[in-house]
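Chain nomenclature is as follows: A, B, C and D, assigned in order of appearance, with residue numbering initiated at 1 for each chain independently.
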Amino acid sequence: MDLYEYQARELLRKAGIPVPDGEVADTPEAAQRIARRLGGTVVVKAQVHAGGRGKAGGVKLAASPEEAKSHAARILGMEIKQHVVRRVLVTPAEEIAAEAYAAVLVDRATQRPVLMVSGEGGIDIEEVARTRPQAIRRLSVDPRYGLLSHQAYGLAEFLYSDPGLLSQAADILTRLYEFFLSAGASLAEINPLIVTSAGEVKAIDAKVSLDDNALFRNPDFEKLRDPAAEPEAEMRARNAGLSYVKMTGSVGCCVNGAGLAMATMDLIKYYGGEPANFLDIGGSSNPDKVVAALEIITSDPSVRVILFNIFGGITRCDDVANGIVEATQRTKLDRPIVIRLTGTNEAEAIVILEKAGFTAGRSMDAAVMKAVELAGAA
Amino acid sequence: MDLYEYQARELLRKAGIPVPDGEVADTPEAAQRIARRLGGTVVVKAQVHAGGRGKAGGVKLAASPEEAKSHAARILGMEIKQHVVRRVLVTPAEEIAAEAYAAVLVDRATQRPVLMVSGEGGIDIEEVARTRPQAIRRLSVDPRYGLLSHQAYGLAEFLYSDPGLLSQAADILTRLYEFFLSAGASLAEINPLIVTSAGEVKAIDAKVSLDDNALFRNPDFEKLRDPAAEPEAEMRARNAGLSYVKMTGSVGCCVNGAGLAMATMDLIKYYGGEPANFLDIGGSSNPDKVVAALEIITSDPSVRVILFNIFGGITRCDDVANGIVEATQRTKLDRPIVIRLTGTNEAEAIVILEKAGFTAGRSMDAAVMKAVELAGAA
Amino acid sequence: MAIFISDATKVVIQGITGRDGSFHTRQMIGYGTRVVAGVTPGKGGQAFEGGDGIRIPIYNTVERAVTETEANASVIYVPPAHAAAAIMEAADAGIKLIVAITEGIPVLDMTRALAFVADRGARLIGPNCPGLISPGCGKLGIIPGGIVAKGPVGVVSRSGTLTYEVVSQLTAAGIGQTTCVGIGGDPLIGTNFVDCLKAFGADPHTKAVVLIGEIGGTDEQEAASYAGAHLKLPLVAFVAGRTAPPGRRMGHAGAIISGSSGTAEEKVKAFEDQGFRVADRPSDVVGLLRDALRDL
Amino acid sequence: MAIFISDATKVVIQGITGRDGSFHTRQMIGYGTRVVAGVTPGKGGQAFEGGDGIRIPIYNTVERAVTETEANASVIYVPPAHAAAAIMEAADAGIKLIVAITEGIPVLDMTRALAFVADRGARLIGPNCPGLISPGCGKLGIIPGGIVAKGPVGVVSRSGTLTYEVVSQLTAAGIGQTTCVGIGGDPLIGTNFVDCLKAFGADPHTKAVVLIGEIGGTDEQEAASYAGAHLKLPLVAFVAGRTAPPGRRMGHAGAIISGSSGTAEEKVKAFEDQGFRVADRPSDVVGLLRDALRDL
């Protein structure tokens, strides 16, 4: 789960990391009020789950509350990388003497949390990694010992030489790592980490992604979720325990297993079609999931044909067949459906489907070819 | 630093371990009030830093508040292993279905914290270890991972088989270990850990020793220290940064270094004398420490001769000599003093001492022989 | 005949009384696997009905199970919140082969569990994996017994049903398997492709390998490099996710293209660069494998 | 000529700007030790005046000191609250010989630091120890240079000044030393008696060993068993604390008789049981050593 900047800043502040004042506003008037309270020049920043806000015009300096209001009016409702801006963060503009970067994430290669810092902050870190890898320092943290004090200090030394800045930065890195662990995060990033003209180290922008699998340990975080930011179909899928990703094609797929679901999409493309979605009903045999899956697929108007591809293992083919029959009895299907079923209880499934007027095949290639053909014909 | 049972119980309670109600009293009347509040049969327990209280008559059942009062009157002021009882703990008498033992300490051999449990509680665990070692189960905790949940559960299974008792005991052991770590303890012991007739697992008696070197992390613990329980000389030594242990002989020693101090005591014994104390002034060169040391030694009336044994390394002999001169100028020595000094700035020291009317030798054996002789002659 | 397991493999099931654990324990027993013990804390002393009158003793801890039954492998069906702890429990009890089926374990839990498993010298397969099956020897996990057959091909895959798809086509074509291993779809897993290729390379019965990868991470790239340099067997690869969009997690926690890295294209290219055949469709695997075996 | 250190030993001092650190750094330099760097966080870039115009560069971290100066040994004078962290820092920077002088480190801090040092394959001497000195080679720690002389005897001890007492008598009697090591008086230490006996046994220049023990723990007993079984050199022991009462800590955190275990008697007996001579007085060591060397 991705958090908004304003949410991430709040969590870091609670973790003891210095974060400048600021509040979130969902109307231009609220932005104006906040700017007035803060006084001086402020920054108005679009709150969206996307990078490149600055380039898209979603971050503006405002010298007065009135200007903050007019900037907010322009930014609110703006669309940045398909995300509609519904909130802006209003913060004081800081006198920035230096910008750096700091982040914690889990590294797949070392299988450990890794702390990364760079003296080049405020810019795209992937770009820095590509072009000037020596500008980034990484520390792989041994989970048996956690982040040791000298390690945080050593990273801080990569950024600063002044003793005061060093100890501030070491403290921030230590807290960032502790926050990362206790929050069950998959990313905790400060970009930029600045030095003010007064010699204070502060987190200006923050990005936090939480590990969905760890959310049960911090149930409070669930309320940070923004239902409006998530496409409705994806939210419904999540609530039904399905994995769903919207694509742009016309063949709606329902598959059991993530690998097979990807392979099904690839095969649609191979035969000249375009998948409308990724959808994995998972390993369970629950007909309700099949019903939910069909509802989600059919709610997508670009879907011209529905393709089931089920390899029965734990998933029983008859359960899936029952789900299809149940769902289509509730709501008549207005689009053609191609069903491929094989494996556990395949024979029973075919009987159930044929009784309800469906046909089903055993070949994945044949089913995909037929679905692509129907999508083209539809 | 050793804690009293009532202090240890309070800390364990705060750590979430079930501990029966109870309060400490320093008068018979207070004990009576507590017994009245608790109702039913209570136990009145002497609070001293010593084992074997039961055998010494320091633990008594009282069926009524009046009986609690009379027991408290008898126990308060009692002397148990040279400790005067100044407080009693009054707790409800529990219906005990089973008694067990649980403790955490640091094991020198494995260099790790070790959790020990035994189904034989309420008795001397050293006795159990000697006679029925199979009745004790030890778990060496890897400090890199801490106590793992299955390890606590496995220890609990050594004590109980009922699932309800198992999970209560696993929880108590986990909390005991966490307490041990966070308190910086060197021992945290529950003896007995009981099962009540209602099937609850509870800590009845608790013993906690804190690592003096870790006290700086929990400054609150300093107020658990009972100045009355510590011999005055030892308290003064501690405050002056000296290590002092009272012995029963007549040769008062002042040595730099613990090993040399022990060897000096041994040599006194070897030559037919008895040391009056162990005293290590440590590695520093502070004349104030020498002054404090002399005050502590001379405050012991059994001391008949004072022996200095200094091997100068970090400790400078001239500093020690200055300390001796300074102290004896303040208060005239009423007992003979034998001084042995060698090493760093030895020559300067001898000049200083001779100017003040002292003589000093270089041989440890000669000095000890002379001190023993003087102690015998005095 | 098999990698990782043998006739001496004696299995303890952690979470044997759960819904998934009980179902798959019976399946494993039905397939001929020597399941000797189950673990469910608080149910020690009870017995699990394994079908056909077989009763499996249940213990409170893996340690007790190992002491009593000499179990040397574990399969874990424990819910995600406690699964990393279950992995550590198995390794702590001296189990050297641990198969974790559980999906949804917090990734930070796994950083600790993986360190612990390595410290104890144990092998972890998974988590979030279907486990492994060796026809004629047994199975640890959930791969359906009906789709495999004894034969010369080693199969290793990051997915579940996609593996079943490919394996059942192999079996239908008369090409049997030594062992089929699902290494799991999580970003952090115990045994990776290279570990399996090493094991297949050392197994005298394995004559060819099928590797089924997917988007995310660089495990396939490392497997390609390793196989190019060290594997003496023919290898056919398939990589799922050519149509997957960047930045989206495709079902598996580990199946995500980060920035421009972890794409199917780079993985396919890695194998092709080493001279290995890569199937465009799952159904092409059988033909390419026949070609590769013919080339020997 | 020496154990643990050699001509290639290049030393970084952690806590070089502190009271003890600065004093003893100058002593070490004066004795001819190659002190190449100091570490004090926040003082990186400054220089330490080592005496005779010698300037030692100060770094913020051991890692930086190692990178810049190739230091391969460290001596730690850091205050107790941060000393365990300093030990881990040295090991993390690749230092393989770490001498911790600091007294008063919390014992639980040491459980972690010792595990870390072992994981990194480093040797820790101490804490709460005087360090080691090899006449003609250098010293790491605080043993006075004036009391030692080059020669054939290895000395290992749990104490400080008692070691000086014995060593100075050896030197006065014309018996020099290869290396004198103070292993420290804490209950948990890095290098124990057995480690030192192994090293002396492997050192071609060491012809005899003096071991100075004290009450508490079982290190001496293990040393006696090891020496009896494996040490090919004569050994003379002395054990302090015959008059120490049980249950009282005698200055050193580790010098305590627990129950009836850790007494001087059982330690003396352990050496005698293996046929080693044990001195009744420190001043008897020289004579017993001469006897032992003559018996060869």
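For this structure, a couple of remarks:
Keep this in mind: a contact is a pair of C-beta atoms (placed from the backbone, for glycine too) under 8 Å apart; a residue touches a chain by one contact, two chains touch by 3 or more.
Keep in mind that what you see is a predicted model, and the values were worked out from it rather than measured.
Between the contact lists of subunit A and subunit C, the overlap consists of B.
Separating the CA-averaged centres of subunit A and subunit D is a span of 56 Å.
As a whole-number value, the distance joining the C-alpha centres of subunit C and subunit D reads 51 Å. Rounded to whole angstrom, the centroid-to-centroid distance between subunit B and subunit D, based on C-alpha atoms, equals 28 Å.
In subunit B, the positions touching at least two other chains are 144-145. Residue positions 112, 119 of subunit C each touch two or more of the other chains. Taken as a contact graph, the chains fit none of the simple arrangements: neither line, ring, star nor complete graph.
Every pair of chains that touch is listed here: A-B, A-C, A-D, B-C, B-D. Listed in rising order, the residues of subunit D touching subunit A in the complex are 41-45, 60-64, 82, 85-86, 88-89, 92, 112, 116, 119.
Contacts from subunit B toward subunit A in the complex involve residues 144-145. Those residues of subunit A whose C-beta lies close enough to touch subunit D in the complex are 144-145, 148-151, 153-154, 157, 161, 163, 166-167. Of all residues in subunit C, only 20, 23-24, 80-81, 103-112, 114-115, 119, 130, 142-144, 146-147, 157-165, 168, 185, 187-188, 212, 214-215, 217-218, 238, 240-245, 248-255, 259, 264, 280-283 touch subunit A in the complex they form.
Residues of subunit A touching subunit C in their complex: 106, 108-109, 111-113, 126, 142-144, 181, 184, 186, 211, 213-214, 216-217, 243, 245, 247, 255-263, 265-270, 275, 278, 280, 283, 311-315, 342-344, 364-365.
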